[in-house]
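Got some structures for you, see below.
You will see two complexes here that share subunit A, one where it goes with subunit B and one where it goes with subunit C.
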Partner chain A sequence: MIRIDTNGSENDSLNGGKVMKKRFLSVLTVAVMAAATILTGCSGTQTAATTAAPAATESKSDAATTEAAKAESKTEAKAGDKKEIVVGFSQVGAESDWRTANTESMKSTFTEKNGYKLIFDDAQQKQENQLKAVRNFIQQDVDYIVIAPVTETGWDTVLQEAKDAGIPVIIVDRMINVSDDSLYTAWVGSNFLQEGYDAVGWLDEYLKKTDRADKDINIVTIQGTIGSSAQIGRTNGVEEKMKDHAKWKMLERQTGEFTQAKGQEVMESFLKTYNNIDVVIAENDNMAFGAIDAIKAAGKTCGPKGDITVISFDAVAAAFDSMIAGDMNVSVECNPLHGPRVSEIIGKLEKGETVEKIAYVKEGVYPADTAAAEKPKRQY
Partner chain B sequence: MNKCMAFVKKLTGTRLFLPIFCLFLVLLSNLIKTPGFFEVSLKNGVLYGYIIDVINRASDLVILAVGMTLVVAASGGTDISVGAVMSVAGAVCCFILSGGQQTVNEFQNPYLLGVMAAIIAGILCGSFNGFLVAKMKIQPMVATLILFTAGRGIAQLITKGQITYIRVESYKKLGSSIPGIPIPTPVFVALIVVLLTYVLLKKTTLGVYIQTVGINSKASRLMGINSTMIIFLSYVFCGLCAGISGLVASSRIYSADANNIGLNLELDAILAVALGGNSLGGGKFSLLGSVIGAYTIQALSTTLYAMGVSPDQIPVYKAAVVVIIVALQSTELKRMVKRLQTERVAGKKVA
Partner chain C sequence: MKKMGKLDGKVFLLIITIVLFVAMYLAGIIIFNSKGFAKPQVFLNLFISNAGLIVIAAGMTMVMITGGIDISVGSVVALACMMLAWMMEIKGMGAVPALIIVLIMGLVFGLIQGYLIAYLKLQPFIVTLAGMFFARGMTAIISQDMISIKNELFLQWAKSKINLPFLGGAVNKKGVVNYPFIYPSVIIALVILVLVFVVLKYTKFGRTVYAIGGSEQSALMMGINVRRTKLYVYVINGFLCALGGFLFCLNTCAGFVEQAKGFEMEAIASAVIGGTLLTGGVGNVFGSLFGVLIKGTIETFITFQGTLSSWWTKITIAALLAFFIILQSLFAKAKEKR
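Showing the complex of A and B:
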């Protein structure tokens, strides 16, 4: 194969003027390209942030332009004047109803009426964006930084910077993995282990109610993305409590990566390997939807009136629809309404009190028979 | 005896022998642990079995691999934006069918409108990539990196960051099956795409043109082939394939999940092209090789599920198998084997 280096061979035979022109063109191309990248990249973030939080964007530009004034106001606030508390919140991005509810909870808690000013940043599922956002918060000298981290690792440096700047950091939802615990002030989130316990507890009750307490029960689990906090907590919680039930057998565990498509694929495989599955535990609602489709395609039935019991986690709105339709048995809540809890912590810190390092939010279990009654009360 | 040897030699000498051999090797490995792997039965009027799963689930990837093959052949580069384009297509389709709502129980707009819009979105994305690569002469990986990063953002904007559900039975048909037909619909979609592309490449001069441009775009231009146009068209076609694939993927879950539709599938598509024995440097290509490569990848995933390999070890097994398959097909290995053989023959003669 002969390859001709187009640029090289042409340049040799070209005169100076043409070279210049060519160079100019290439510079232009690069410029256009860079502009395009920036535009496409930015417009994503910008608009996402705008649609999600018009107020937040406004406050962001405010904060940027009147930094000096803000710094002043902060000193005033510290002097005891009841001034607003500036909170920078870096969110993972919009990914599900759960996440939206989480964002909404923050926005409705940290309002000007409650004495807060929220600077909201949408990280679009990228940790780089979050690191950038936290550094921006530090530069803007906010009073508190709240992070809903994309990943568990890689936070040491930026949190040290925040600590050096004297800004308390509160982590919400996913846990982070740092060498030094003092890098963050508190963590607010779900007790995934407890959720696992709750799921087993519900199943125990349910089996007693349906007179199957002394029968052999075969269980399969569709796990979340391996290594995520939710996966680890829920898997371990279920495993621990299952030890009390000698008649229960975990046939197999496989990851469905928290997505409906993968959940369906994994369930398809389970159903072919085992024809005696009694219970499916899906570590989030989306995978449960996929599993339900796979069960139906295999000619089996699920739900309270079916052959296979479906246990799920998260309890998003679509899960309630599924329970009302009679497909899903139960969903263990993963409460996204972190705002009030974070606000409580900030309130304590403002008063100079110490706070608990780990704060769990309250979570419930929602079985199918109460789904229709519960749904209108749900905020997400 | 000699005739037999000659036949074996001819068989192993054909281009598609190794890819097909690898596919069979992966499939047959199931016989050890899952003897029922090849059993097929009828459930709810649809064929049911592991092997059907492989064929069904691979469809999205097969469609992508077809487009990717042409891009690789014509430009010697890869289109890494296909996964994101799938997500855009799914989002556009669901947005139109739901009329902007988050979950609907009936179409707000005609089904065909949504499908057409999704395909057009795919073509537009492909044109954008094609323009950057063919006209602006930007390196393919860099050019398609733009949509790779921005594509999911666009899809998120369209769906307003939510999963848009289309809970309509007829929307699910493209991803599941049509009543009365025992074979899952995605299989047909993949088959149609492959057949049409194959005919298009064989019956017109397009296939030859793409190869020529891929081998040496300057020489082909001197020969009077509009190489810019050929490269541009290959990207447009790749976008179209991504659009179709996105529709199938979205129909499978009857929703637009901007974050997860086609996630990491661009890498699988590139791998499919490589597993099919195609050079990623462009030029000569085998469409069927890529298709077989795609089925091999899915066969591998399904096999690992069927064997009950624990989820944290799956990537290791996958990597090991891929390394073996790629190594088997490398020309350097063939040369080494040949050298060994000649040495042995020479040694015999001396003795």
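Showing the complex of A and C:
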């Protein structure tokens, strides 16, 4: 309200007419009211949060020395299991179902009920937004910073700031590329190499079950975006384990860039080149859907009852639908539910224990015959 | 009174912007006091995170004062970052020559756009739209992959903290004393801002820029070389874009095709919120600085709040923009009446 007054007096010095003055005032009033609504909108939810926060989170600006403060914070940590742990989480965005599930997992893990307070920030796919968010987390004196990085690079400066402030950083999903490994405490994510192993393991079992273990098997692979950690891990995992199977032959590998359209295109060209494909490995579900469309369009069949076996990765909800429909044979999970694993790490750090630098999440293999039973249990 | 009357539009719009910023910041301090919004570092972070944007908004303000616009800036920033990363990491060049080449690229880019706009009388929007596509395309041609900058000298520039202990240190929960700090990029940005301000306000060139924006016809009749002035404005703007790209890159330390998308719109929004008229003739780089700071404050609000979707930043900026253009149109009408 004070603002209106100052602006009003400002108007007095203008030589515009009285009508103009009134119009300015009305516009200003509306704007200030709008701003006030936004601010109180924030503060409304905010007051609840602040009152919920225990006194322990108040900054101790009056601490005499660093040593004293250190001792104090230690005793506090010991004294209170009830102390609320503040976690700042900077998420990439909401570009896919997988990502949304990842966010939900974090939100449902870091609840007040579990003794956490989560500060969530959506970076809208922009690295610069993530840098801003992390800087704000540091100023808010959070206990832990969790980052699902948009990019692998550019983290040196801001993570150094976090380190200087003594705040542990946990990276989830994508790995980051920093000059100094001590800039982050732990990484939580998928073991893509293991996913590759699992895919081969499943195929081996499946061929034994269908009495084709001693037959020649021709395989094609639709790879993900070249250079992405998922592509590298899955391709290498499959390649390594294939060495144990002399009868299996990889006809060709091509990238489908993780998209359905490109996956379909690549499969079409494979089908034109080779007429003896037994197995197609798609390095994510979307490309598998594209491949299935291409197979059907070429007049062939796929799935458990078809000519071509379709192996996929990620195991998103749509993949289960595809398996139930009898199109896809198996999907190897890429688990987005990182929350519990991160919470486990934080629990250990709180007790002063050391943690593994690399922590993988548990991932399963979901074949078509169990798809209908598994689907209702899936969270994403 | 008479003096105030003469200054009315410009000063009034600027004052509103500053008052709005101060009010928002005070509100933040009151609402988020327990979370540490009042720390000096929160304020300094506005500059650290937006150093590049401050420089680019200054260039944009100058262009807009002439009545033009430049929507290529975001792409030029991406191109500058990619060129820096590519030259240093793939070609093994030193940080200094790489920076010089990038700045020259900016000058040339501005020269071409400026020539097309000033001498061939093409629409700034269309010319810079082409520039936008061209720069983004070139960025992808150089490399589709993300290039991480590991050049030691560059990282030294990026990482050397300048502590400001006189602003008071704070002990955080972990018992670590933190002094407020800035990076060299902030100093560069502020120096550039002051330079652009001085040039616009106190040089003959600066006054011609305002004159052209006010009315190109009368500027011509006054014997001002309109074409040459416009060309210079776009050349300077191109240079500032490349420099802003460098500052942006000091923050992100990487070259990447998707970088700085929508940056041009943030620069335009900052200038408008800062009191620059889209029709030209009115504008102040310090206003644009406050425009940038307001944007930064809204973003800080959202992170401190912790549960709001970060898209509220965009919605709030939309509301502010609407508010400021309504104000501007009221001023334009007031001017006509006189």
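To be clear about the criterion, the second predicted complex is superposed on the first by the 298 of 380 C-alpha atoms of A that agree within 3 Å, B and C clash if a C-alpha of one lies under 4 Å from a C-alpha of the other, contacts with A are read in each partner's own complex, and residues count from 1 in each chain.
Keep in mind that, in the parts below, a contact is a pair of C-beta atoms (placed from the backbone, for glycine too) under 8 Å apart; a residue touches a chain by one contact, two chains touch by 3 or more.
For clarity, every value in this text was computed on a predicted model and none was experimentally measured.
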### Message
On the A-aligned overlay, A:254 touches which partner chain: subunit B = first, subunit C = second, or both, or neither?
### Response
first
### Query
Between subunit B (first) and subunit C (second), which does A:124 come into contact with in this model arrangement: first, second, both, or neither?
both
### Task
Check the residue A:133 against both partner chains and state whether it touches subunit B (first), subunit C (second), both, or neither.
second
### Task
Answer with first, second, both or neither: which of subunit B and subunit C does A:152 touch in the superposed model?
second
### Message
So in the superposed three-chain picture, is A:364 touching just subunit B, just subunit C, both, or none of them (first/second/both/neither)?
### Response
neither
### Task
Count the residues of subunit A touched by subunit B and by subunit C, then name the partner with the higher count.
C
### Task
Identify the partner contact of A:290: answer first if only subunit B is touched, second if only subunit C is, both if each is, neither if none is.
first
### Task
Find the residues of subunit A that appear in the contact set with subunit B and again in the contact set with subunit C.
3, 6, 45, 124-125, 227
#### Entry: Touch list for subunit A against partner subunit C, complex
3, 6-7, 10, 13-17, 20, 23-24, 27, 31, 34-35, 38-39, 42-43, 45-46, 49-50, 53, 57-61, 63, 66-67, 69-70, 72-73, 117-129, 131-133, 135-141, 143, 151-157, 160, 164-167, 177, 179, 227
### Query
Quick one: in the complex, what on subunit A touches subunit B?
1-4, 6, 29, 32-33, 36-37, 40-41, 44-45, 47-48, 51-52, 93-97, 99-100, 124-125, 223, 226-227, 252-255, 257, 259-261, 264-266, 268-269, 272-273, 286, 289-290, 293, 297-299, 318, 321
### Message
Which stretch or stretches of subunit B touch subunit A in the complex?
### Response
34, 36, 43-44, 46, 48-50, 53, 57, 103, 132, 136-138, 146, 149-150, 153-154, 156-157, 160-163, 165, 176, 215-216, 218-219, 249, 252-253, 255, 257, 259-261, 263, 281, 283, 301-302, 305-306, 308, 310-312, 314
### Task
Spell out the part of subunit C that touches subunit A in their complex, as residue ranges.
1, 4-5, 8, 12, 15-16, 19-20, 23-24, 27, 31-32, 34-37, 39, 41-42, 45, 48-49, 145-150, 155, 158-159, 170-178, 183, 248, 251-254, 256, 258-261, 296, 299-311, 316, 319, 323, 326-327, 330, 334, 337-338
